[in-house]
Each structure stands twice: as structure tokens, then as C-alpha cells.
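Got a structure here, written out as C-alpha cells. Questions coming.
We just call them A, B, C and D in the order they show up, numbering each chain from 1.
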Amino acid sequence: MDFSYTILILLLPVALFFIIGLLGSKMNPKVSGMIGTSGLFIITLLSYVTAFNYFTHRTGEVFQSIEVFQFVWLPFTDRLVIHLGILLDPLSVMMLVVITTVSLMVHIYSLGYMKGEVGFARYYAFLSFFTFSMLGLVVATNIFQMYIFWELVGVSSYLLIGFYYERPSAVAAAKKAFIVTRFADLGFLIGILLLSFYTNTFDFIALTDLNGPAIAQSSGVVFLGMSVTTWAMLLIFMGGAGKSAMFPLHIWLPDAMEGPTPVSALIHAATMVVAGVYLVARLFPIYHFSAPGALEVIAYIGSFTSLFAAVIACTQLDIKRVLAYSTLSQIGYMMVALGVSGYGSEAGLGYMASLFHLFTHAFFKALLFLGAGSVIHAVHSNLMTEMGGLRKHMPITHITFLVACLTISGIPPLSGFFSKDEILVAAFEHHKLIFAVQWIVAGITAFYMFRLYFTIFWNSNPQYNHVPHESPPTMTIPLVILALASVFSGFVPFHDLVTSDGRALITEFHWIVAIPSVLVGMVGISFAAVLYYKKNSKPETVAKGLKAFYTMAYQKFYIDEVYLFVTHKVIFQFISRPIAWFDRHIVDGAMNLIGNTTVFFSGSIKKMQSGQMQEYIWYFTSGVLLLTLLIFYLN
Amino acid sequence: MNPLLFLLIIPLLTIVGIAMVNDLAKVRWVSAIGMSAQLLISFVLLYLFYQQRSSGNTDDMLFVSTATWYESFNIQLKFGVDGISISMILLTSIVTFSGMFVSWQVEFLRKEFFISLIILAGGVFGFFISLDLFTMFLFYEMAVIPMYLLIGIWGSGPKEYSAMKLTLMLMGGSALLLVGLLGIYFNSAPEGGKLTFDLTEIAKVHIPLSAQLFFFPFTFIGFGVLGALFPFHTWSPDGHASAPTAVSMLHAGVLMKLGGYGCFRVAMYLLPEAAHSLAWIFIILTTISVVYGAFGAIWQKDLKYINAYSSVSHCGLVLFALLMMNETATTGAILQMISHGLMTALFFALIGMIYGRTHTRMINEMGGLMKVIPFLSVVYVIAGLASLGLPGLSGFVAEMTIFVGSFQHTDTFHRVATILACSSIVITAVYILRVVGILLLGPIKNNHYLELQDAQWFEKLSGVTLVVSIAIIGMSPFWLSSLIREPLNQMINHLTN
Amino acid sequence: MNLQAEIPLDYMIVLSTIVFFVGLMGVIIRRNLITMLMGIELMLNAVNINFVAFNHYLFPHRLEGHFFALIVMAIAAAEAAIAIALIINIYRQFATVSVDDVDELKY
Amino acid sequence: MTGPKIIFFILSGAIVVFSILSISSRRILRAAIFLLFVLVAMAGLYYMMNFQFLAAVQLILYAGGIVVLIIFSILLTSQIDSKLDLPKKGHLLSGAITAIGGIMLSAMTILQFTFQPARLAPVDTDMRSIGLQLLDTGVHGYALPFEVISILLLAALVGSIFIAQKNKT
């Protein structure tokens, strides 16, 4: 099967970026939007074709990894060479489909949402750039190519969060997002350096080869009680945790909601933030065979993040922030699934479940964000306290939002049920405590999602400045498409397609897990219904009852403040400022001291050069006399 | 005729041309034509170089020509280039070319300004093509001296102080350097015979270890001062802050590279054993440079100071990589020199243009420039992204090559140093984004800024030249990397054996 | 008149030495340009005494010292003329002839 | 004590005393007059040594020309009744030490050395032989120095006029 056309999937978006970016200011904004959207439509078609061809042409039982092409980009040493190329395997093909689909929806949606904004062309250029970077990331043939696109994704995220660059809060959020992920990428980079040094390759196929240098000939070097491979994998996970906003590197994601809402849907819900999951999945064999310790860490961090974020989500008032924390929580699920997974056939259930959840989550989370965008578009506010009773004004948004909420709550037979259920099964088989946590989180998820849903669409009807109206079709069509995807994507035979070792795996339905998880979801929903269906004082009562805890959660457990303290107080005030002072006064002072000493001494010697002839005459004559005395009388 | 000589003849002709032209408006055209010719010659040189190589010429140095200059001390005018020098020449001509256009609007003593600028550039070209230590030193001084006039006369702020400081510190450095060079000279024939300044000849003899150990610090620090080695870097913030735009560009973009180039070509290449045994001291110093410069940049308020400290950090990385003494890291160091040369020149050019409009360099007083001068702001963002190592721009290529290269050492000392140096990429991101955030984004702080004009054609030309160069290196680094790597194999062998 | 018998050459030369150093001291201690000029005249004259005395005592068959003294006088005249022109000019510029007050070009 | 000796001591005494007075007097006009006395006494000394022409030139040129010039310039630049500043103590001391030390050193050197007086017959020093030698271009002729010095004088005069003239354009 010839896949050489896949190069267009990478070349088209970058071409779009340059066309719209360079010529955008000269053309009609609508034209640039249409160019971007239609270009992306072609890309989406191409990825579907690729996916279809790939999944229908398996050789034997196992899906092979295909390196469509690769060329040398930059050689480092004889063996360490950065290639650029395209790698097709079930994982990357699945990601291609997810990214292009969501991206296309967002492109179409933005035609309506961003209409009339200043910098419309710039917006589409950035979107193309992001799509390019994200696609390049998932088809990377080697870890360094991935790092390259990883950074590009970070920058495009920075550009898009800071799209409203005249808003100081947007600028600050963009900066925070970039710097936090950059810090994480430092770990990623060092991890890459370590891993590549001991394995002498960047290539994914060589790295994940079960007989390859990373797994079979794993280095025995031990550093601080852990093998070097474990260190490397932990550091690489740090990079993943940064992008996927795992605790404690999660602080940038809620702030990133300053960007335009479609951007949040695309980048900060469906695609970029799952890059960390993708990274771990990509290197999963190494984690599993050479660094099981790191995998444990991933499971715990994922589990903790999902609980932590879910609790915070219950208290937030900004609807986009609620969704952001919900994203954190869901990515936590994915990480947990990877962390508890084994390798090969049935043991690899967690791996499959994680990616399955990634797949379904992309659709329903994008749907939630786009729905929220639609609401914000109508109400011109992000705060749920200023909303209510919108079901009458915006029927399509209402229905699709409800579908998404049901999906994320794990109500059968929507897609979220299947993927979440498999994660819970994997956790149940591996570690009971983690299972328990995830089970509770499922309940909390249902609660806060329906809290959001009821407050927006039911509850009391506040005074609107102007009557909210349904969004234009460019916005509602993507909503409907995504709603359909959320409903039906659960029936995709995922276990046949994307598995840890490329072989199909047989999943059984575990009633013992499924029933309690549905039940806890129901409980969460009904709890939310009681509190938020009509306006009443019960929420305040509950909040008062849990006063300290509520405040802590509302303040996001003060993690931001800790970071602010570390960066502003410690790094800026106690490192940077003294260094600046030290440099100006000590180092430069030393140099000036040398100069000043010279000036001082020359100043005192200068007096001899008085400019008065008589003194010179005197020096001259007494010198002559002294010389005479010395030469003729004293030798 | 040796094509290298054109690199010296063209600046000379340009100077004569400028001196003869009386109309001040034509002066800049004459210099622009001269520097364009220089740029062209550099590319022709690159072409000829490839041609020679493909026709099977495997000499270390190409286009070698020798003329005895002073018989009794065996001083020669010896020119020749290899891949490294060619790439440095390309860098120099690109930066000079755009520097010329940045100074398009210099009004005060325009003729003299351009003449000094071209003398400076000529000195740099001469330095890079020289193979004789004495000639090298001569051209080095020729490049440093006009700097004093350029800063002292056309500078801003406390220009006399800065010019004096810069010149004195560099002169102090070159005093050390002279001691080192003479030390090498007088040990260049340990078994008797004729003493020589010839670089390639000296490389063949084995200088006694005691002499190496004694003279290596002199030579290394001598060049290191120019390469902003901690703690001899303090001329850089003051000097850059006072210098006129084009001079900052040339100085940070090219002249500081003389330091790194000299450290490698002279200090380490000629004194390899001393380089090995003393490397640890300088690795510590350069690691400090890298981190310290980056932290120092965070707290600055003046755009030029920020950039000067960032230069300290980046140039520290150059020396750091050189001291790793393996092929990859050294390739990275040269790449970093070129990359930093281009992007810092771009930075200074932009700062100059912004200063020319807002008449302040304090970031706190500016804001929201993206809205009023979008071209300059976008280019500034690109330069910033290059500086913080965005893939696709040159900084990434250089930094990654350095890090991978320096990671090839397995001992803890090198590892720790490397990881510390790596951490600078985060700090760089912090200060770059801080500046971008305050300066370009956000609301407009001063209503006068609403009337600012965006870039004029010559500013666009100079900015685009640099951006395109940065992007070309960043997107297809292979050719440059292989060009640099080509002579390194032999040189690194010489260093390690 | 036979001076050589009466007065030894040493007397003459010691006399000229005394006059020379007195003139030198005048140049050193005085701050007035004119007095300094007078000190210089004294020194020139002391030299003249030497020329003449050596001519008379040691080389009476030639007149070299004599002519040299003549030339010195001519130069002294020229020097005095120029010095006084300068002094007058300085006085016009600075309204003083004291060297302490004329330090425009100092440092 | 013979006549010439007495005259010599009188003359040399006058020279020393008046020269010291001329540099130590605080009235500048007086200093000039003392200088005049020194110069006149010196002319006497030349006369004693049989150089009548030189003595005459000394009188005419120095006493008649330079001193007058100096007096004119004094009158142009100074108040008649103003006194010169007292020299600074440091200057006075250092000057005196140098002068006395110099005199002692030189005198010591001179007195240790014994001169060998010439036994040759002296030449005539009348106007005629002087004039002939001045214009002679032969071995002992001084035509060249004479011309050079006259050019120098001319140049000095032109120069001093140029320097001292009032309005330079």
C-alpha cells in the first residue's frame, strides 16, 4: 500500500499557514477563513483515506508500523541523527483522524464565532500552524522530531492563547502556558538526551523494538537508586505531564481559557493536551519493560490529578474553567489507564482503554467547549451566575450540550460509557485503590457537569441585556456533527485497531464494574439536579457546611499562589535581582575599580606634569646636577 | 587571483569610494553597493569552495596564498579558509549588509561613520581568513579600534564611558592575547629551527606541556574577553547600550564571534594538551556565564541590557560547547555562533528601530507596540522565538547540537554542567516572553505611539535579510552543519590525541 | 695689558657660572614673564663671558669665541624681540603676565 | 694688587651683586635697571679682554636695545608702583639649592682643572680684521653665519611684529 500522499497532510497546513499569514492582511477576512477551512477539509479527507487504507490493509494479524518516508534533517553524531518523516501505525493514524476532525469542526465553527474579529486572518493562520505542528507531532518517526513539533505546538498554543493580545490577562496566560510547558520540556529534553545516549537512537521503531537497545539491552547504570532508563522515562513523562497539565504542572491550563473558545476546544481540550498521553503511549513498551517504576508514578499522578481537578471543578463559576478542570480530570483518567496497563493482548487493556478514552473524549470535550462557546457568544459572559434558562433560547446548543454532559458522565450507550468503563476495568484489575478513586471521580464528574448544565440551561432566568438567540448554522452544524460523533464513537471497534502490540484484543463486559459506575454517575446527576435544577439556597448551604474545604477548592488549593511565590519571590527577587545587582556592582565594580585605581594613581602622578616651565627647568637642572654628581663624584 | 583577497579589496575600494564622494546622500549608496558586493563575493566563495571540494581537493585549507611580510620574525600574510571560516564569513557579510541598511538614516558625520563601520567589517573579514597568528592579531585590533570611535562619537547615553570601558577591556584582553600569541610563537620550534606564526605549521609541532599550560589561559582569556566570558563580560551591557544600532549589531553579531573562533582556532587547537587539562576551569566559568547571563537578563529594564545579558548567556554556550571538545558539540558551537550572530543582530536592529520611534528603551514605558508597528513587532517576536530555541529557527538547531554533543561525556561533572546549561532554555523563555509581553502586547500605554510609522523599506530589507537567514538555517540545517563539520574531524582528532 | 698673568681663567669662568646660576634661579623663582626673560638674558650673558674668556685665554690666535659671542648676542636680540611680542600679546589676551594665570592649555 | 686685578674685582663684584639684585628685587623696573648695570659691567669685562668691538656691541645692543625693549614692555604691561609677588617658599628653596649646588659643583670642577694658557701670538681685534673675517668666505671666514644670522634677525623682527600687532585678520 502506498501512503506517500500522506506527506500532503503535513505540507498542506504549512502552506496554508504561509499563504494566510503572509497574504492574510491583504485579502478579505472571509476569503482567508474559507481558504483555511477548505484546506483543512482536504486534509481531513486525506487522513480519513489514510485511516481507511491503513486499517483495511493489515498484513497478517498485526498492524505494522510503516515509515512512509524519512530524510536526514540534522546529523548530530554518526548514529544520532534527526530524521524528519512520517510514521504510520494504529496510534498515529487514530490521532490523525481525531486531530483533523476536531480541527475541521473548529475551523467551521470559528467562521461564525470569530466573525468580525480583528485579526481574523491571523487567527486562521495560527490555526493552520497549530494543525501542522500537531499533525507533525503525531506522525513523528523519532523522538526528536516529536520534540521539534512538541515545541512548535507549544508556540502555536502561546500564539492562540494570546490571540487577544491587548488583554493583559490573555498575555499573562499565554506566557504562563508557554513557560510552564517549557519548563516541563526541559525535563523532556534531558530525558531524550539520556535515553538517546544509552540507546544510540532516536527512532521510535528502534526504541520500542522489544529486542532493541532500550528494552532488551537496557543499560545497567544506576543513578540515585533508580536505573538510568527509569530516570529518562520519568523526565520524558515530565514533558508529557507539562503538555497534558498533570499535577503539579497543571496551572497553565485553566488560565489558557483566555484564548478564543474554539481554540480552547481544539488545543486545550481535544488535541494538544493529550499529547502527553500520546507520548507515554508511544513509548509504552519502554515504560512497561524498562521503567515500570515510572509507570507506577504515572498511574498515581494521573489518579491524583483526576480527583484533584474534579473537586476544583465543582466550585468554579467560570464555565470554561469548569471545562478546563474537567479536561484535567479526564486526562488523568487516560494517564491512569496507561499507568495500570500491561503489555500485549489482554494485559494491554489499559493501553487500549486510555487511547479509546482519548478518542471519545476529544469529541465530547470539543463539543462541550464549542457548546460553551455558543452560550458565551449568546450571553457575552463566561460566568455561570449570569446565565440560566437558556434552553428556550438556544435549543440546538441545549440538546448537544446535554448529549455531551451525558457522555462525559458515562451514561450508556453513549461513547463515554464504553471508554470510561474500560479504564475502570483496567484499574480494577490492577489496583483497587486507584479503582476506588476513579470510581468516585466518575460520580463527581457527573455532578459538576450537570451542575454546569442545570445552571446554564435551567435554573432561574436572569435579566439579559438583550435576548439570547441561537447561534448561526456555521456554529451549530459542528455541534451537531460532534454530538453524533460523541454518541456513536463508542461503537468503533477500538480493541481491534489500536492496541499495545498491534494485535486485536478481546474485551469482556464487566457487569461488576459497569453497574456501579453507571450508578455513581446517576447519583451525581441527581445530586446536581437537586441542587441546581431550580434556584434555591441549597448550594450555599452545602458550601457553608464545607466552608474551609470549599474555599480551598475554590482557590484551586492555592497552587497558583505557590507558583507565584516560587517564581516571583524566589526566582525573580532572590536569584535574578541579586544577580543583576551583583553583576552591576561586584563584577562590573571590580572592573571599574581597576579603572578608578588607575585614574587615582595617574591623578597623583599628573601633578608632576604641572605645565609650569619653571618647575620643568628645575627638574631638568637638578637632574643634570644630580647626574653630574653621581657620575663624576660618587662612583 | 585568490578570491579571498576580494574580501579585503572590496571594503578598501568602498572606503576609497566613500571618501571620494562628496554628496552625503550618495555615501550610503556607495557603501550599500560595496557591502552588497561583499555579500555576493561571500556566496561566490561558498560556491567556489564547494566546487573545489567536489573536484576532489581535500586540503584542510583552501585558497591558501602566502606572502612574506616581515622576514626576520617570519611574519607572513597567509590566507586560507575551511568550512568554519567560510560560514563565519557568510555570517559577517550578512550582518554587515543589514547593518548598513539599518544605519541608512545616520545624519551626523555620515561619511566617517560608514568608513569606520567598513574598517571594522574589513578587520573581521581579515581575521577570519588569516592563517598567521600575527596577521590575525593585526586584523583583530583593526576590528576593535574603530569600535571606540563608533561608540564614542555616534553612541548615546554615557557614550564616552562605555566606549572607554569597552575598548579598555578588549584591549586588556588583547594584551593577554598578545602574551599568549608570543608564547606560542617562541615555542613554535621546540626542536630548533625557524620560529613561526603560521597556524598550520604550529599545529604540526608539539609545544612543550609546561609552555602550553602557561600560555593557554592567556590565549583563552584573551579571546574569551571578546566572547563575553564570565567575569570579563561587563563591557557588553554598557557597550551595547551606548553603541549606535549598526555597531551593536556588528559587535554582538560578529565581533563577539571572533572570541569564540579564536578560542577554538588558536587557543585550543594549538595548545591541545593544556586545553584538556584546564578545560574544567573554563567549563565552570562558561556554565556560570550561561545561567548567570540568563538570570541577569530577567531583571533588566533596558532593552539593550536585556539583549546584552542574553548575549552573555548565548556566547557562554558557545565557549561551553567548544570546551566539550567533541565533534558534535563543536559543530553546535559554530552553529550557535552563526545563529546567535544573526538573531542578536536582528534584535539590536529592531531595538534601534523601536528606539528611533519611541525614544526610549525602557520596557516599562512602552506597551502594545504590536498594534502600531506590526512589522517590527512580528519580527521582534520571531527573533525572540529564535532566541528561545524554537524549532524551525536557527537557535534550536544550534542549542540541540550543543546539548547532544556535550551529553556525550559520561562523567558527572560534564553531565551536571550540561543540565545546568540546558536549564538556560527555560530562563531564556522567561525573559524573552516577559519582554514580548510588556513591550509588544497588552494595551498601548502612551497615546503618542498611535502615530508611529511602521518600518521603512531599508528597515524591512535589513530585517527580512536576517529573518530569512535565521529561518533557512533553522529549517534546513543540514548543509551548514556538514559545511562546519567537514574540517572538524581532523581538528578534533588533533585536539584529542 | 697682559691679563693672563694678572687674572687666571678660572676667575672668569667661576664668575660666568655664578651669573648663569643666578639667572637660572631668577627663571625658577619668578612668576613674571618679563623677569623670567631677564633671567634668561643673564644666562646668555654668562655664556658669552665663557666664549670670550676662552677665546682670549686659550685661543688668542683665532676669533671664534668672539664671533660666537656676537652671534649669541644677535640671537638674544631676536629672542628678546619675539619674547616681548609674545608677552604683549599674552597681556592683551589675559591681562596678566604671570605664568600662573595663563593655563588655558593645561592638561 | 695691580690695576687690572682691581678693575676686574670691581667689575665682577658689580656683575654678581647686580645680577642677584636684579632677580631678587620686587620692583620690576628696578630689576631691569640692575640688569642694565650687569650688562654694562660685562661690556667692561670684554673691554678688559681686548674685545673693544664686542664691548661696543654689548653696550649698544644689550644696554641700548634689549634693556630698553624690556623696559618698554614693563611699562606696557605693569603698574609702576606694583610689586612682584614674593616667590613661594618651596620655589625659593628649590631654586636656591639648585643654584648654590650648581655653583659649588661647577666651581669645584673648574677649580680642579688646570687650564693651559696658549703661547700663541694673539691676532688683531681691530674693526678692520673683524670686518674682513665677517665677510670672508674662506677657511676662517664667517660670511655664512653672518648671513644666516641676519636672515634670522629679519625673520624674528617680522615675526614679532606679526605677533604683537593688534588686529589680526
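Rule of thumb we're sticking to: a contact is a pair of C-beta atoms (placed from the backbone, for glycine too) under 8 Å apart; a residue touches a chain by one contact, two chains touch by 3 or more.
Worth saying up front: this structure is predicted, and the values here are computed from it rather than measured.
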Sort out for me whether C-D or A-B is joined by the greater number of C-beta contact pairs.
C-D
Using Cα averages as centroids, what's the distance between chain A and chain B in whole Å?
37
Using mean CA coordinates as chain centres, what's the gap between chain B and chain C in Å?
64
Distance-wise, how many Å sit between the C-alpha centres of chain C and chain D, to the nearest whole number?
5
Cα centroid separation, chain A vs chain D, in Å, comes to 102
Multi-chain touching residues of chain A, meaning two or more other chains, are 614, 618, 621
Which residues does chain B have that touch at least 2 chains other than itself?
none
Send over the residues of chain C in touch with two or more other chains.
24, 28-31
Which of the chains are touching one another, listed as pairs?
A-B, A-C, A-D, C-D
Touching residues (chain side chain D, partner chain A) in the complex:
91, 94-95, 97-98, 101-102, 105, 109
Residue numbers of chain C touching chain D in their complex, please.
1, 3-4, 6-11, 13-15, 17-26, 28-32, 34-35, 37-39, 41-42, 45, 48-49, 52-53, 56-63, 66-67, 69-71, 73-82, 84-89, 91-92, 97-98
Residue ranges of chain C in contact with chain A within the complex:
24, 27-31, 36, 99-100, 103, 105-107
For the chain A and chain C complex, residues of the former touching the latter
606, 610-614, 617-618, 621
Chain D residues touching chain C in their complex are 2, 4-5, 8, 12, 15-16, 19-20, 22-23, 28, 31-32, 35, 38-39, 42, 45-46, 48-51, 53-54, 57-58, 61-62, 65-66, 69-70, 72-74, 76-78, 84-85, 87, 91-92, 94-96, 98-100, 102-103, 106-107, 110-111, 115-118, 120-123, 125, 129-130, 133-134, 140, 142, 145, 149, 152-153, 155-157, 159-164, 166
